[in-house]
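Here come two complexes built around chain A, the first alongside chain B, the second alongside chain C.
And then the complex of A and B:
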């Protein structure tokens, strides 16, 4: 392995040095946040592994009494939740995403460093919330998919499902925040010259993943909010008795859930696409097709959720449609697999541990993908769904797939992250143990599935023909644990005795290897200019087509000038992310114990910290040093951020509106036509639309530096918003007091109050935002240079108005005319 | 029959491609929930499609694995240390090939898939089809034959050679009605009527089980399917329609009194002895016990119907089936024995 000599220069402090515990608590450095994510997720991996071993031990022999049914149900539920939300997602997106995105695109940090820290702390507290059941009330016990109506209070009275519900809501906030952040970073923070088709494939995969997260999580959020309302406010979103259907949950859950599968596997594809070229000493084969296939998979993933529901009786048309769309996904996935094989073909292969994991990934993922084609065919699925062949399938895709990619990437990136090499001998032992034990555990599950063993059963009879393989799998599950013990030993050995890593130990191809190991806080002394794909390789050897046997161009990879720390803008640490997360956690816990003082304290802490953070440093009063300077598109990152947020909100409202439309038709009276007050609402709609006009005038005022009229129209917008809210309060009060339509009176009332109420809440947030801007305006802090703050608030305000136009049309104007 | 032959070919193919020793999974006796042993027109259609997709899957897997292993064998640094690596990173014809060929393979799967869907999910069925209502409860199965007036639990009898139309209802949460050899599976959803239409061909006793997670005792929600010749089925129906046995002497007669005095009758129907109205919708309901003694299993088909097992079940239902809605009655030993004798007498 050609270790590249680096010219002598003064080594700066690495990102790992200095700061102490307070430094880690307040850090907003993407690399430190990555380490926080990584450590948390590895702890969770131990927990999830323990749960898996408990499950396997119970299934070791028929009619086993090792666990009770209740314990078993909790453990298999927590195993799924932990591995999906607290291990694979945070390791791929939180850990590798955080560490690699800025380094691979040549940036100094992510677009919103404090938001990044906030994402982590919220993630941590969400993880704690889901796991509170260890010490209090019991763990979630209805499966990670939590199918309604089993999750209703009548069937699941304990706190178990509340931890599930609130925990996932909190984790969703964290996921959407970091997805927004990474999306903007990738779009806008790339180094000069790094066009889309020069980005490393891992960046492509995360770009697509972040879009999936932004557009998928709101559907889950809506489903969880409905569940919360059913459990706490006695509504009927999933209750048959009121005419609702528990299938609504399945649709919302899988509209989120299938993209979620790709949220877990696409970053793994990206990591594999980084490992294989490096250790094959060859450029990635079929780069454009690899990128397009990622986009295609993401696009198709929104049209296949029904394949999780073939057994629910959707009818032959829906079954056929979802079967065809699901089959289509195999084409781009096949392109990826064949391209990886073609990348290996003809290379100069170096069998490091990382490469072995990547090669095993390709075969194992293929097995998982092929069994997926079986389940995509509804007639076959009617035999296989909810049997162990499904367990085999998704463990091949996620366990022997995503987790192998993560392990491979861990072996490859460990030197860059910690500055020390892992032991390759222990690594090989780890690999062979893992590849044997994972396959020996999960392959026979195909047989068990064909022999009809259902999932999620805590016990089985002895004469079913399942005894041998269950015994065998349990033994091998413990060998899986052993392989992770070897990994732990390797990590300990590396941190203690490991060889110091050079800056480029693998003769790699992308920019993250061009910085010192471990990287300094600012990543790049000078921001690189990118002229080709595999930028670092080109710098070293002259062209993408170089074989790596040519002499290294030392001058090209050396920093051109010694870094001047004064010229490098590094955002300052902040404690507010931790405080905001604590506030949110307090609100969640307060709701769970129905102790509303804690909710109020948490909310206060959250709001105060958020406002303090908003005024902490950037644009209020002095120049923002990095707003436009580092932008790739010449746009302000905050503007792209608000647009991505609006995209995410669209899915949120679309889920609420479609639920309203479906449930209105199934509701009992009083109906919308009997109740809705069209003249009043037309008036408030007119007011709200006019407020958008005032918003335009306010922005125009600030842009031409006319502070008085800018502020004047801004306050006018806020007042019009208040008039609209007043109309809504009157309307709700009228329905409540005069019509007797309570929140949970019928399906129509609950959907109406939820939809219109959530919109009203958005207007309320908008009014608060506008008033904050107005205060800044009165104090003369907004001029034409900083009018962007008004523009961003305005974008949000216009979006909320447009949503109202849709709601007014669909809810108020398109009333049900005739009732049976 | 060719199915077992093709089946063993399939198993060997799996064994060869995966290099896993399949000796351990060779059946010493038939597997009760085997999904690859079709005995009805429906499961035969599922099975044929499965065989086709599996064969194609295995071919694709062999291609990928072979290509990767050949690459590893040819291009490792050990075998050619100084060889210059290729720098080729695209090939239009190759990339078109691995886009178009998989698409054609998928077409070869999709067309028969859609044909099978349309064939197996009919919108209508013959007038002389036998309707069977399946009503799922936490955690047992209730079966009604609306045209025959028969009610039973955990064991469903159907005749061969006649279209059977299962209508699936749930009284509480979502369950799934899975009888792999006879009819595959279909979810049982509260507030929604699902159906399975099939013609069973091979008489015999088949296993079934709930396959959608439905709470604590999801694992204990099993059932049996008895496929009978039309004559045997008629015989069974005739017996089921007879009034329950009324024991006049011995422990069974005493047991009838125990049954009447204990809370049993609140939930359990014995025709002519106890029961509640058909409109009864909410709250808990137990299996119809009119001909309990003629069944082979009890408590969600998790135990054989022997006096010992019935006693174990009644003594503490929650221990046998965690979360079961049947309460512990606290009967004395003698009362228990009498009650068991009575129930077993209900042939």
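And then the complex of A and C:
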């Protein structure tokens, strides 16, 4: 380890100190939010582990009655949901992402700090919603994939599926928000000189992951909304009886679900790519190819969802094609594995616990990848699907893969996060216990699968050759638990007695190790200028390839004089994120208990807090909290943010429109041609298009500092939006009262009302947005310098209009032509 | 088998003549790569809309129809843009009547949306049956596809710095987002469990495929075949980007713009 000759800063308060409980509640510091994510996810890990132990205990011996079948279903479902949505995703993106992104790219915080806090609180309340079944009504019990039509009210009358549905909807909001935030941060908040090809590989992996989240989650949201409508409004989205198909759920779920697999594993790849070079004392081998393979996986991930559905009978041509695309994924994954091996090759290895976890990851993930290639072949998959060999496969890639990466990264970053070292001896014990027990538990599942043991069965008969391995796996599952107990002891020991960590205990390579341990609130006293990949290493030793034995230029990154921390702009803490999240939670719970007053109170709390948050900064109108000067591209972060949001919305509407198209063809009468009123809608379409024109005029007005006409046209836009909405309300009323087309009359009516209704809701939000801007305009707070606020509102408004043009064309103009 | 289809051949000859003519009148020669690209583009157009492929479509092979579209939209436009030198396009593209239109059409968002809209519409069953395959329009369909295809590829391969290419990361993002409209069109066709296009029910059906299997194959060419092709393009872009590491702007955007004022004056 290199010497530590650099307390050049005057040591400031670390981010962990001060503030008290209220400080943590209102914090918008990315490092504190990371700690909140981490603690929540580790609590959830205990819960998910407990659920797994219950499942394993039940399967320990044949004909066991430790759990009832109902309890067993709830435990295996919750184990999956907890580990995926409440442990691995929040630990990788929420915890490591939040902590490392700004530190690794040389920023003082994420692009939207309050949005970041909001994501966390919504995540927490979503996690609570999913878990409400512990005390009330029963846990979700249909598997994490929640296949229709088992989830229909007729088959699952209890609240179980409602917790699943509403909980995942809330978690989806949180995931999309933080993905958007991280995406904009990585694009726009990089330190000067931090080009794409100088970013640490973890940043690359999160860049790709956030894009996947933005474009994958809307499909799940649409699926969950349909499920919600089936359960609460008696529609038929997944009911065969009305001509619908439950396979629709599988498509929507796996459009989301396969990218989701990469959302869980790509950050793990990134973490491993950070650990291995540091402990091998070598730069990452094949850096461009590592970045390339990440993007290639993202490209392929949208073309392979069919491989989850071989068993639904898609036909030989489709099966073969999806088999080929699925096998192609082995190429980028292979690139990564060989690059890691080549990084280790010839390095000066430092076998710390973190490095051991990373090495184990590479080996174990390869095993999981190999069984993945087997499943990609339809004839083999048809034998293996829904058997224990699938369980073995995804526990190898996620449990022995992603979770090992997380543990390795935890051992590596713990000193930076807490300021104290973990005990290496306990760490080694933890590692060897984990390696033994995880492999001993999950490897024999391959055998059980080959012996024909199906997944999701709550008990089995003796003498089928399954008894021994099940017994063995259960024993080893408890050893897994033991390895986590060792980790817990290590954490306790470190916080209590651990040696104080130096700023750079591992002789590491990237910028996060150049700041004091634990980092001060503002991260970097002076924003560093980056001249090379592995910036901190180059600052220390002169070049990337240097061996690291003789530091030449240790102080290159640190400034010689301490700057005045009072001059560093840090946004103030805010209570509104908690309030907004509570409002959303109230809405969710209110719907579940059908207590609509709570829904209204929650909605009101949410809207009022959101508007208050928009006007929170007292300097609004004078000082821009996200000044362009801080940006990498010279663009305002908010503009990139709204464009990413629009990209995400495109998938949302594409899913709704595709469903409409497919279901319209399967619907019974009355049909669109009998119902739709073209002249009226043409008029409201014209009005909406005109409103876009007014929006352009409003923006132009503000840009030339003409406040009166700017506000005038802004209000005009809002009024036109209201006229459009009025037309929609009239149309819906007409269909409902005069034509007798109820929401759930047939497939056409439900899809029509959902699609047009959701668009109308977007228009409504847009009108509210415009009116808020108009109020700000009347109060004289928008001038040519602040006109960006109007531009962003305008982008949203134009997007909503374009969506309407698509809907008008596909739904109204191209309605089914009657064959006379 | 090879029908003597004179109209497309004539159109191609006009294009080739215009290429040679402008080269002569501007007294500059295209590079070998550019010439090859242009010739290849013409050959692919010719192969796509006449001859055996056309014959297969007339025998009602949906897969061949989709393959033809893929050629016209994903193979020909990049070859054309690689084949056309900047100096040859400049007088045309900077003409005072062309410039305001070109400025709008060559923007990435516009090209992307126009392409997506056209591509979605022509695969809408009613439109496909009642517009695309009705004879006076069928020939124009190829021209429309070529046009939106060129618009789609312009931000990736623009030969003119006046209407620049996107930066490399934006090019990759653009290709990635292209998957949304392509999947939205291709997936419903591939996964439909009934025949969508009445036009393709009849006919002799080459390759011994049933109309249903034919439809699935067509959908897969559009979805997966196109997807793998796009991945190859992305690979090429990423390779170029990685060669110039910290430069995100493609070199052509920084090409000095010759005699811009002369052209502006000349064409006023």
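Observations
In this section, the second predicted complex is superposed on the first by the 805 of 820 C-alpha atoms of A that agree within 3 Å, B and C clash if a C-alpha of one lies under 4 Å from a C-alpha of the other, contacts with A are read in each partner's own complex, and residues count from 1 in each chain.
In the analysis below, contacts are C-beta pairs under 8 Å (C-beta built on N, C-alpha and C of every residue); 3 or more make two chains touch, one makes a residue touch a chain.
Being a predicted model, the structure only gives us computed values, none of them experimental.
After superposition onto chain A, partners chain B and chain C are found to sit side by side with no clash. Contacts of A:544 after superposition on the shared chain: chain B is touched, whereas chain C is not.
Vertex at the C-alpha centre of chain A, arms toward the centres of chain B and chain C: the angle is 90 degrees, rounded to a multiple of 10.
Looking at the shared chain after the overlay, A:315 reaches both chain B and chain C. Residue contacts after overlaying the shared chain place A:290 against neither chain B nor chain C. In the superposition on chain A, contact of A:298 is made with chain C only, not with chain B.
When both complexes are overlaid on chain A, the residue A:654 reaches chain C alone and has no touch with chain B. Once the two structures are superposed, chain B and chain C can be ranked by residues of chain A touched, with B on top.
Touch criterion not met for A:47: it reaches neither chain B nor chain C. After overlaying the two complexes on the shared chain, residue contacts for A:115 are found with neither chain B nor chain C. Of the two partner chains, neither chain B nor chain C is touched by A:606.
For the three-chain overlay built from the shared chain A, the minimum Cα spacing from chain B to chain C equals 9 Å.
Residues common to the contacts of chain A with chain B and with chain C across the two structures: 288, 315, 324, 328. Residue ranges on chain A touching chain B, taken from their complex, read 68-70, 73, 142-143, 147, 149-150, 155-156, 240, 243-247, 280-289, 311-313, 315-316, 319-320, 323-324, 327-328, 330-331, 334-335, 337-339, 341-351, 359, 362-363, 366-367, 370-371, 373-374, 377-380, 382-387, 443-444, 446-447, 449-461, 463-465, 468-469, 472, 544-549.
Chain A makes touch with chain C in their complex at residues 195-198, 211, 215, 251, 288, 291-292, 295-296, 298-300, 302-303, 314-315, 317-318, 321-322, 324-325, 328, 647, 650-651, 654, 657-658, 661-662, 665, 802, 806, 809-810, 814, 816-817.
Across the interface of their complex, chain A is touched by residues 113, 117, 121, 124, 126-127, 169, 172-173, 175-177, 179-181, 183-184, 187-188, 190-192, 194, 213, 216-217, 220, 223-224, 227-228, 230-231, 234-235, 238, 241-242, 245-246, 248 of chain C.
Of all residues in chain B, only 14, 18, 20, 22, 24-25, 27, 29, 31-36, 43, 45-46, 49-50, 53-54, 57, 60-61, 64-65, 67-68, 71-72, 74-77, 80, 83-91, 94-95, 98-99, 102-103, 106, 109-110, 113-114, 116-118, 120-121, 138, 172-174, 176, 178, 180, 184-187, 189-192, 194-195, 207, 209-220, 302, 322-323 touch chain A in the complex they form.
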